[in-house]
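Below are two complexes that have subunit A in common, paired first with subunit B and then with subunit C.
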Partner chain A sequence: MAVVAVDRQQGFAGRRGLRHGQHHLQSLAFLVPGAVLLLAIVVWPTIATVRYSFYNGTATKAVGLSNYKSLFSTADTLIAFRNNVLWVLVFPFVVTVIGLVFAVLSERIRWATAFKTVIFLPIVFSVTASSLVFTQIFQLDPHIGVMNAIVQTVDDWFNPPGAYPLSAGQTAASLATSGVVAAPHGALETSATVKAGGTVKMGLTGVNPDTLTVLGARQARLPAPFAGAITGLVWRDFSVSNPSNVSGVLPDEDGFPNLHVSLLRSDGSTVASTTTDAFGRFRFSNVGPGTFRVQIQASNFKPSFSGTFWLGPQSLTPTGNLGQTAQALLSVPLIDISMILAYLWIWAGFTMVIVAAGLAALDREALEAAHVDGATEWQTFRRVTIPMLAPVLTVVFVTMVINVLKIFDIVVNLGIDSSQPGGQSSTLASDVYYLGFGGGVHTGLASALAVMLFVLVIPAMLFNLKRISGK
Partner chain B sequence: MSQARAVLSASRRHKLFSIAALTGLLGLAVTMVPASISTATPALGHIGGSVSLWAEWTSTEQQDFEAVLSPFQAETGVNVIYSGKGSNMDTAIDAAVAGGAPPQVALVPSPSTLLALAQKHAIQPLAPVLGSEVSDYGSAWNNLVTYNGKLYGVWFKAANKNTIWYNPAEFALAGLKTTPTTWQQLLTDAATLKRAGVTPFSLCTDIGWPVADLWQNVYLKTAGAASYDALAAHNISWMGPTVTTAFDTLAELVGQPSYLLGGTKGALANSYPTCVDKVFPKPGTMPQAAMVIEGDFVVSEIVGNSPGYTAGTTGAGGKKCTASPAGTPCYDFFPFPAPAADQKNTSAIQGAGDVAMLFKPTAAAKALIKYLGSPEAGEIWAHLGGFASPNKLVPLSSYPDPVTQADASELQHATGFVFSLDDLQGSWEPSLWQDMLNFVKNPSASNIASIQKTMQAQATAAMGH
Partner chain C sequence: MTTIPVTTTPPAVPAVQQPSRTRLVLKRLRPSRMVINIVLGAIALFWLVPTLSMMIISFRPSGLFEVSGWWKVFTAPSQLTLQNYKELFTGGSSTALGGGVPSGLAPGSVLDALRTSLEISIPATILVTAISSLAAYSIVFGRWRGRNAVFLTIVGLMVVPLQVALIPVAALYKDMGSAFGWNPFGTITGVVIFHVAFGLPFGVFLMRNFFTGLPTALIEAGRIDGAGEWTLFRRVVIPLGVAAAASLAIFQFIWVWNDLLVALVFLGGDPHVPLTLFLYDQERTLAANFWIISTGSMVSIVVPLIVFLAFQRHFVRGMLAGAVK
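== the complex of A and B ==
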């Protein structure tokens, strides 16, 4: 750039008729401050980085190409390469398309300025702030994370949870204490059979007292036997005053209200179903002869939707059984997709504005000619607008490629699976930072990564430079 | 002997601290030597000049530390130019030494930084400066900062990671009246909590460092401090039996998904300090688990969530502890328990600390070092809270509540003190954290074996042996 500027100045000055030598000195004098700055803060660090990339972790011993070898052989760096490739493949294309769609739409709606302002707004926030906002949006806990709150609401609508939802990792079988055994499909049933006139006691634990309080539970009471009927009690078989006592119905133990129970014949067929009262009691009247079992239905324990870990390392591609290297190269962790979504929100406004500027500068005659010739909206858009916009779209695309090649801020700030080397969302730039300045310092490896990153950015940079100087 | 030491200490006491000194044994000592109160002979006297001082503390901690420094400045007339470097303290010191312009005095959070500087002769031995004050610290502390038989550092602030924090109201829901003293009892109590419908643990995982802290506690309690130091220096193989034992022991806990809030999936999404908030929530939400395993620094998060949290097992105003943070909530801790067969390791403690070192032996800098090593300096911050001193002469009564007292008492009486092993691993620390997360994800015996193999390879590559 500097060279180009000097050439132009020379040409200009030459026409003015200054003597060549005098002009040369003058321009050199003007160049010195800028050149010194450029040398000190760009050229020298670049050279130093290349040099350090051939040294060990503490920059004390030359190690030849070993840093570059480990770049391509350790799973940690391969993950970073993979993530950079994923970003470059997905993000620039999608953000350009979204920008184009928004730009075209904004030309055809009322309140276009308001619309554009809202879409453009995220670009004025710092990426760190946006990342923190999205960390909340993607939280696992549906009480905090909006994404999971939406999914939970919809999920609960179609699959309502039971009155006694199991906590994560808990099984219905683990709730059974006295008189209860696990039945197939997550149900529980009486351990012994019962006949008409009998009473069953079914003790359960593992349920928080708050759950019972909310359901209006009262102190557990064993129902009296009733002629021709089977009566029973389901109660919280855990006494705060005597935690080691299991099986006895103690005064500080409550019944399980609102529990769906069924009466089963010995062949497994259902005779009747009922729900327990506030004291945990139930009764099946006129059951007839034979032996029965009482079952507590699995639906009582159906857990609520527990949330998708949007910022988690779980892969969208089935790579679980592959080796470490193949996993590093082929996994697509969900956190990458969540990050790309957040980054789209940030950058869509920018691409929209650039494309909209391009649209405004389009030759309207060509569009009108297309309409006159009977082209449909889509044909006009596809065959006239896009080709004419191509230069603008290319600039946007290439800028975004460079932008995401060195993607860093959102990677470091969004999510906890993290951006540490080896973390599923780490990228080249975040690895450079962490290896160079963060926890595990290895100057050599960090420098080698930085050189790799530089090499990768060069083609895109040259392309843009060529376009600029071409104009 | 200890009384004689206390008398000595009292004679060094500035009158500013006489209120604190009027309690307990020290109070007795002061009445025995009344002259020390009325004349208040300052040990240091007027010196003048200035001294540059670096430490990691910024914002609130910086204010607290400046409160510690102000009596020193008033007494000696020395102008202390303090600079808080935040979490970059070690890097900043290394850079300053390399650039030839270190501060005169600095406090670093890692003894390995200090030992490296001692090796380079960048810092001064402290025994001549401190004199008898050297013995105010347990040998576990002094050994950490001794190089070639010479003491190079004086400890000022310590953190205790040998702690499990619990919500007393949640323990009460399960009828638990005492806290566990063995690992086995901890697991039994966890089972009791689960039977009461209380999730026992909010396991902090974050990017792996809290799991590393937890694992290191288990390793220290099962293998002992000597093995711990050997493993930290990679003189023990990561595939060795002591490492396997520690993983197997911890698997008894993390291998029970129902003991962990949100199961294994939830645990892996539990970042710090959110994991603390799940046990000690802000008003408006209820606790979701009973215990959180991390160092004593969780206290600032707890009281930050609500100033209503009372230290101990009795709520504000002598009321019962409530689960609801809007009522009279409480927080308390118990020491990380050793397995029944390894009770000898009970007083071996994992922690962290800030150690002061002397770069330039000017009169003012030496006086500052002496002051930082005195119980007076520690007492000021102890009163302000969020601080524990490893100095035996800082009276426990100067800490604001019984929980901090118990915390500081543990630190002062540690028979072994080890630093976080992960922080000593250099470039493979992040990989170690990943390995720990991998362990939480799948704590099966086969995965433990494969993790140990990976860790051995990583440690060998990073540490060169």
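== the complex of A and C ==
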């Protein structure tokens, strides 16, 4: 037995000795295609970019550090740095928290798989296609863009628009046609004063006839005078059959229903308020002595919320009065926030799935022990789950930091104009593209920006190396 | 004497407390569970809105786009039409919003972009999977020195932003043109080469992690039996590594399919562009044709969607293994 074993071993040794060199070479050859590509397309170009960054715009003359100096001194590139900082500060943290919350909550429902699939789907779509969806969601017109439609609905709820909303650029004063003049704060009032027993006629134009139809307007009728009361009519003072007749109440003219009118004393104080009927008539009864004016309140003309330009460069921080550099560094344009929201929609599924996998691998006994010891749900989550998940959360967070440092697709697709170099939503990656390839090319500056991007990624690289070599 | 009360009281206490306690627990649990269901339901609906809106827009007449929101469909379902999809084949000149988008497979059409996306993604996926597997095999089962150093270098390359390579590679491609008469700049080949190179670090990482889990004895036994490395790779390692390779391939396919930047740099201005670049260009044409943007987006979404739904597990596994790119 022993002899045979020795024999065999010798045999193996002999065979291996013969072919060892060949195996060695063969397996090394397997590395060649990958190594060649990595060296030619990743490693060497990275070194070349570092070299380019010390050259001028056409890569023909060495210029020392001047590209780097201009990176940190011109407002255009400072904006890009600011946006990268903003993305890195806000996005990875928020998306990790959302992923954690979704992962933890979805453990409690029976349809967790369906939920996760729905949240996860956007990752599979290109950021370009998703961005185009969001250009629609953020459309300015509340009739087209969902975001503004929602804001409008909420705003109308708390702050209802008038029955006769003005269209864009229209003023209440422009509606006044006969017997009416503009009053302060967008109201209208009778041009003459009136006493008890009197009747006023207030002719308006410039209102869409459809609005009147929707409100159920009837043919305008001048009310009869009434003892001790002030009566009046508000009507559409425009006759299709007789356009030149101004101030006459004609059969094809409609009253203005549902209009809020007030009776004002000569000192401007309000005595009474009422609403016009379908014929455009109103009546203030038991009016005391003195002279009065009838006012059509401004609220009648209040337009509905007309939309926020979510993809606009306007800053959320008050930086308007600052110098150019301070403005570049401290502004927070609304478009950045909108893009971050859209990007959350895209990536929350990623963080959720990774955290959920981490949760599934957790030591259930520790969680149960915490429960048995009387810890509340929140205490268990805060003191047991989170610390145990910390390594996973860190990986997710770092992955997202790397991701947004290189943020490009969403920036150029949601901010077509504002992603140009110097634009309010431009980032390092978008500047590298535009300065390197898209008109106004400056190879040196683009390379210096790319090098900055690379330098910013190095901590993440070291984190990965430490994590992976430690395994 | 004392044992009797001790034995009689315990059953009495739970008998009274048990129902009230369970009821208490139920009371505390039921609403919270219901609340979680409602909240997550609302979130899921909310998450569906963007996708749903793009889908509905693509099925509404293009003329309505500037007129009213897509949600009007819920009150007027008769608005839905296949017109936009038909125009992918017949060209968009007849639409109210105008815009002569070429039809069929003509350069600059949606279907041509679909074909170009496939022409880029499929070779890039196959090459990354094959080259990564070979390299990972070499790193795990090879005997040469410095394997670990090479592996760690590759891990380091995983996070290199591809922006640092764009300018020199573009120059390299053009130099190749003047030196060998073959210029990959502006060609699909150029795009594929770039994608393969930048897909390799992740690919090697993923495949290496899988291969290290395989028993080395298997390879050793094969070597002893006189099998060459290629045979071992083909007959032993690949059959075992199919799942890992599938994860990598699916991940890589979706990654390349959705790329914009590389195509923009190396194919910008070319009449044959992938879907992402097609959409990017359409968004920048003067009279943005939303019918083509919405239908084009839907077309661009369908392929990765099918791939994802068919190979969901592989995709997620690849993502979990990497989580760093």
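Points worth noting:
The working rule: the second predicted complex is superposed on the first by the 297 of 471 C-alpha atoms of A that agree within 3 Å, B and C clash if a C-alpha of one lies under 4 Å from a C-alpha of the other, contacts with A are read in each partner's own complex, and residues count from 1 in each chain.
We take it that contacts are C-beta pairs under 8 Å (C-beta built on N, C-alpha and C of every residue); 3 or more make two chains touch, one makes a residue touch a chain.
Since the structure is predicted, the reported quantities are computational estimates derived from the model, not experimental observations.
Contact with both subunit B and subunit C is seen for A:Phe437 once the two complexes are overlaid on the shared chain. Of the two partner chains placed around the shared chain by superposition, subunit B is the only one that A:Gly169 touches, whereas subunit C remains out of contact.
Using the contact criterion defined above for the overlaid structures, shared-chain residue A:Asn258 touches neither subunit B nor subunit C, since it reaches no partner. In the superposition on chain A, A:Gly57 makes contact with subunit B only, not with subunit C. In the superposition on chain A, A:Ser241 makes contact with subunit B only, not with subunit C. Contacts of A:Trp345 after superposition: subunit C is touched, whereas subunit B is not reached.
Touch criterion met: A:Val412 reaches subunit C, while subunit B stays clear of it. Within the superposed three-chain model, A:Ser306 lies in touch with subunit B and out of touch with subunit C [touch as defined at top]. In the superposed pair of complexes, A:Gly423 makes contact with subunit B only, with no contact to subunit C. Subunit A is touched at more residues by one of its partners, and among subunit B and subunit C that partner is C.
On subunit A, the surface touched by subunit B in one complex and the surface touched by subunit C in the other have residues 143, 416, 437 in common.
Those residues of subunit A that touch subunit C in the complex are listed here as 12, 15-16, 19-20, 22-24, 26-31, 33-35, 37-38, 40-46, 48-49, 52, 102, 105-106, 108-109, 114-115, 117-119, 121-122, 124-130, 132-137, 143-146, 149, 345, 350, 353-354, 357, 395-396, 398-399, 402, 405-406, 408-409, 412-413, 416, 428-429, 432-433, 436-437, 443, 446-447, 449-451, 453-454, 457, 460-461, 464-465, 468-469. Of all residues in subunit B, those touching subunit A in their complex are 91, 172-176, 192, 194-199, 206-208, 256-266, 268-269, 271, 285-286, 425-431, 433-434, 462. Residues of subunit C that touch subunit A in their complex: 33, 36-37, 39-40, 43-44, 47-51, 53-54, 57, 65-71, 131-132, 134-135, 137-139, 141-144, 150, 152, 154-172, 193-194, 196-198, 200-201, 204-205, 223-224, 226, 228-230, 233, 254, 257-261, 264-265, 268, 275-276, 279-280, 283-284, 290, 293-294, 297, 300-301, 304-305, 307-308, 312, 315-316, 319-320, 323-325.
Those residues of subunit A that touch subunit B in the shared complex are 57, 76, 140-141, 143, 167-171, 174, 177, 205-211, 236, 238-243, 306, 309, 311-312, 416-418, 420-423, 434-435, 437-442, 445.
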